[in-house]
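Here chain A shows up in two complexes: once beside chain B, once beside chain C.
Up next, the complex of A and B:
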């Protein structure tokens, strides 16, 4: 017995070390990116590269701020655009995706399997294939260069619907039956029984969609400066040559923050999803 | 009789409500996926040009010309698809084993578990999008290599090994392998989450029962854990295949994007169709080989 305990302590230590090793692996580029944002320009080009700055500086951020304050359109405008587009896309998508997922997971009707097949196929096609025609369609209805041209395509995403369906099908039918016996209409069942019970997966979808929406750089569909989003303007000022490398790393750090904040806020909920989704009955 | 009728109409109302619920998303799916996909299919059989007079594209039907050209005369396409398929042969098993392993570890109870899970999930948040583009093109690599692993390839590790007297050829193999493993482990975030979620669903009482019966950790892994996670393994394999095929840093994807952006829509669409046909074939093959075994176990 004593031997067994020793064994498990040794095992724990080894497992801990392995986790630490791979965890460092995962975190290194992050640390490197954060470090680079505070490096003076000459250190960025140091070879071999160093993880952390030797003489940390806020110069990159200051240069970024200078560049941004010289823009034709005020920085706040880009920030507003990004926040507006991300929130609209995420909020609308959560509603649309959950509404669609409920019947696809819990009803039986002709055509259901077809739609589910199409979802799987759509997961494989990237925007590059459909982008051109999307553009043509939007230009036909006069949607180019509006917020809608940025937001609407992101709402046709299939990943969130897919995740919601997977999660919903693990919920017991009996729970929804109870609502039906009580005479609740379909919308009531959806709002009162389905939504509260899939809350964990909602947070997962929220993180995915926010992350995707925040990073959207709708170069083709929007050409007015007043409608452009942060990723576009930041990559513009960051990729204008070697002397902008410092600004680039500062910009990367700025862009990284909001998704991380959203992740941290919903993180506990995501892990709850993971804890939950396995429970069948 | 009336009861049955009533039941039928209730059922019909349910179905109608269901379609109503799906409507907003279906409109999006049709207009932003199905229509573009079908047009793409049409372009793949056409010579596409941009006309200045009218909005839109001029298409002329050319039959299988684009496909013929790509398969018979394009030296790059077939080779890069083959390379991508060969890459899968090692990347999928590595990702699978790595994510099972980490998933098992992160399923243990220990202090700081939430933090460690977050660490392993963060790459998912960061790896896609502008952040990675900026990091890769400007900071990481000084515009030479565009893989996060270059941090290790250029770094101290290589120098240390060379100083230790290892021959250069072995050193470069080792750094390439660690670089590859690093890249793959950075792409395993979702897969790890999928495994954790599955493992959480295994009732602890099964393990207790097994250990009372005298099973050791090795036995309970193969008799309990492995059957429990095997359906998820199939999901993870499929996800990993799709993920690596649709990754924009994949040479085939890069080639395709380039053609789209230089307005060779006909060729680009045809190569996209061929490419995704290949992906579907591989996924179909995986299902054929594994699904019966997997679901049998479950």
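Up next, the complex of A and C:
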């Protein structure tokens, strides 16, 4: 038995306390949101404020629906738009990101290093940085106020492609060579050999993309109520101040749940992928 | 000369031979070109023009940049605010994220999964930072005010979001809260991917405690994740805009106290339709992002 490095119990307790402090800060808004979402209005105006409701009610969820249903569009329409946009974005992105990552990781062709370098740099150019000019380009090709104007920009995300490249690089070449010897074409190798072997990174890209798509609130690209997604309308609720704390919290719960469920399902896969996320110089 | 021709022939041949690779990349590259590369190039060109989206762009040379740095005091405030956010949430946020990941790694297995979830949940639940508005509400019903008043720290409610002094502090806190994100997950995964036998070897070499382990074994092994984390962090800190918009009104915040570069750009681009000017702001932002990355990679190459 090799010597063990000293991990004292006291040390673990102290480290645990530091974590507890930060953890409370991180969890506070969540706990507040869960508590307030079920509070009746009179409890919002209690002093001193409490975290949890005394007489829980579903009234806030009903009120949220009423607030968001206007003459033309019922609440369900926003919900449908959000689900449709998120699924379309996630599904399409998984296909094009893995298709692009495979040659970038495993083939050699002119321009490969250039493209990889540009993708790594573009990791830092988030949508909010390019957004204004993006809007201009989309309006020039008449894409404004369509589902496409919400979905297509999210497909240019480089994070998923980057993670796929990093993960694919760890697959042994010999495995893919076996496919070539058997005479399979590249698309066949991709579908039969590559995809089944990169399942962890698929789950990771799925959660990142779904979460990004679910939360997208692109400014100005859609103005018809029929096309708006939940984040665009839900945050309006919060602008009316503390009297909307209950309804706002109900809205926050609706927004939080889907990505959190997807994350819990894919958590272990995500960790496996992130272990390969590093940038090698 | 002959060599150049040879190389061209060879290049054409090599490109034809690997056409299938290009075919596979095409769908992504088309989206990437149109929504990322083209906007960046267009922004560079438009930044030298005056363009209101109705008439054709008028070439004005460096006028937009002169205006930015010589006349637009609000822009300089935005740069200052973004720099404050970058310096606090950058290096400090990076260290805290790293230390948190390390602490979590030191916890027993089952606790680790739950704690990871608690710390990561805010980043995946996206736009719900508006909850902080209720917590920091300026009246006595706001949770923070209520708590501090009951504990006797303050006698009357603090207007957290509209006080010039406190608004920035709240923005920094909330920004940290929402942006642990991908870099944090990469750190945690990095800690777990370090080969256990290296710790045993370190123990034989005389490493006696957790800090020795961290310094001599873990950090050298995690360098790629540390670089990835840095890239993600640069992306996050320079693009702060949504949080300030939501909490303090971004470009409408009191005395521009929490106005960021992104807020200023959106103000000119989407509200005033001064596209040339907004593009110049975007270009400054690109340059800031790019050179921060170069700087940080140089620093991390210890």
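Note that the second predicted complex is superposed on the first by the 212 of 281 C-alpha atoms of A that agree within 3 Å, B and C clash if a C-alpha of one lies under 4 Å from a C-alpha of the other, contacts with A are read in each partner's own complex, and residues count from 1 in each chain.
Going forward, contacts are C-beta pairs under 8 Å (C-beta built on N, C-alpha and C of every residue); 3 or more make two chains touch, one makes a residue touch a chain.
Since the structure is predicted, the reported quantities are computational estimates derived from the model, not experimental observations.
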Partner chain(s) touched by A:52 [first = chain B, second = chain C, both, neither]: neither
Chain B versus chain C as contact partner of A:175, first or second or both or neither: neither
Touched partner set for A:191, first chain B, second chain C, both or neither: neither
Which superposed partner A:23 touches (first chain B, second chain C, both, neither): both
Touching partner for A:137 - first (chain B), second (chain C), both, neither: both
First, second, both or neither for A:159, with chain B first and chain C second: second
Which of chain B and chain C A:32 touches, first, second, both or neither: both
Contacts of A:107 with chain B and chain C, given as first, second, both or neither: both
Chain A residues contacted in one complex by chain B, in the other by chain C: 12, 15-16, 18-19, 22-23, 25-30, 32-33, 36, 44-45, 47-49, 95-97, 99-100, 102-104, 107, 109, 115, 118, 121-126, 128-134, 136-137, 139, 152-153, 155-156, 158, 161, 185-187, 190, 207, 211, 214-215, 217, 231, 234-235, 238, 245, 248-249, 252, 255-256, 259-260, 263-264, 267, 270-271, 273-275, 277-280
Chain C residues touching chain A - in the complex, by the definition given at the top: 11, 14-15, 18, 20-22, 24-25, 27-29, 31-32, 34-40, 42-43, 46, 53, 96, 100, 103-104, 106-107, 113, 115-122, 124-135, 137, 139-143, 146-147, 149-150, 173, 177, 180, 182, 185-186, 188-190, 192-193, 199-200, 202-204, 207-210, 212-213, 222-228, 231-232, 234-236, 238-239, 241-242, 246, 262, 265-266, 269-270, 275, 278-279, 282, 285-286, 289-290, 293, 297, 301
Residue ranges of chain A touching chain C (in the complex, touch as defined): 2-7, 11-12, 15-16, 18-19, 22-23, 25-30, 32-33, 36, 44-49, 51, 95-97, 99-100, 102-104, 107-110, 112, 115, 118-137, 139, 152-153, 155-156, 158-159, 161, 185-187, 190, 207-208, 211, 214-215, 217, 219-220, 231, 234-235, 238, 241-242, 245, 248-249, 252, 255-256, 259-260, 263-264, 267, 270-275, 277-281
Sites on chain A touched by chain B in the complex: 12, 15-16, 18-19, 22-23, 25-30, 32-33, 36, 44-45, 47-49, 95-97, 99-100, 102-104, 107, 109, 115, 118, 121-126, 128-134, 136-137, 139-140, 152-153, 155-156, 158, 161, 185-187, 190, 207, 211-212, 214-215, 217, 231, 234-235, 238-239, 244-245, 248-249, 251-252, 255-256, 259-260, 263-264, 267-268, 270-271, 273-275, 277-280
Residues of chain B that touch chain A when the two form their complex: 13-15, 17-19, 21-22, 24-26, 28-29, 31-37, 39-40, 55-57, 102, 105-106, 108, 110, 114, 116-123, 125-126, 128-131, 133-135, 137-140, 142, 148, 151, 154-156, 159, 182, 185-186, 193, 196-202, 242, 245-246, 248, 253, 256-257, 260, 265, 269, 272, 276, 279-280
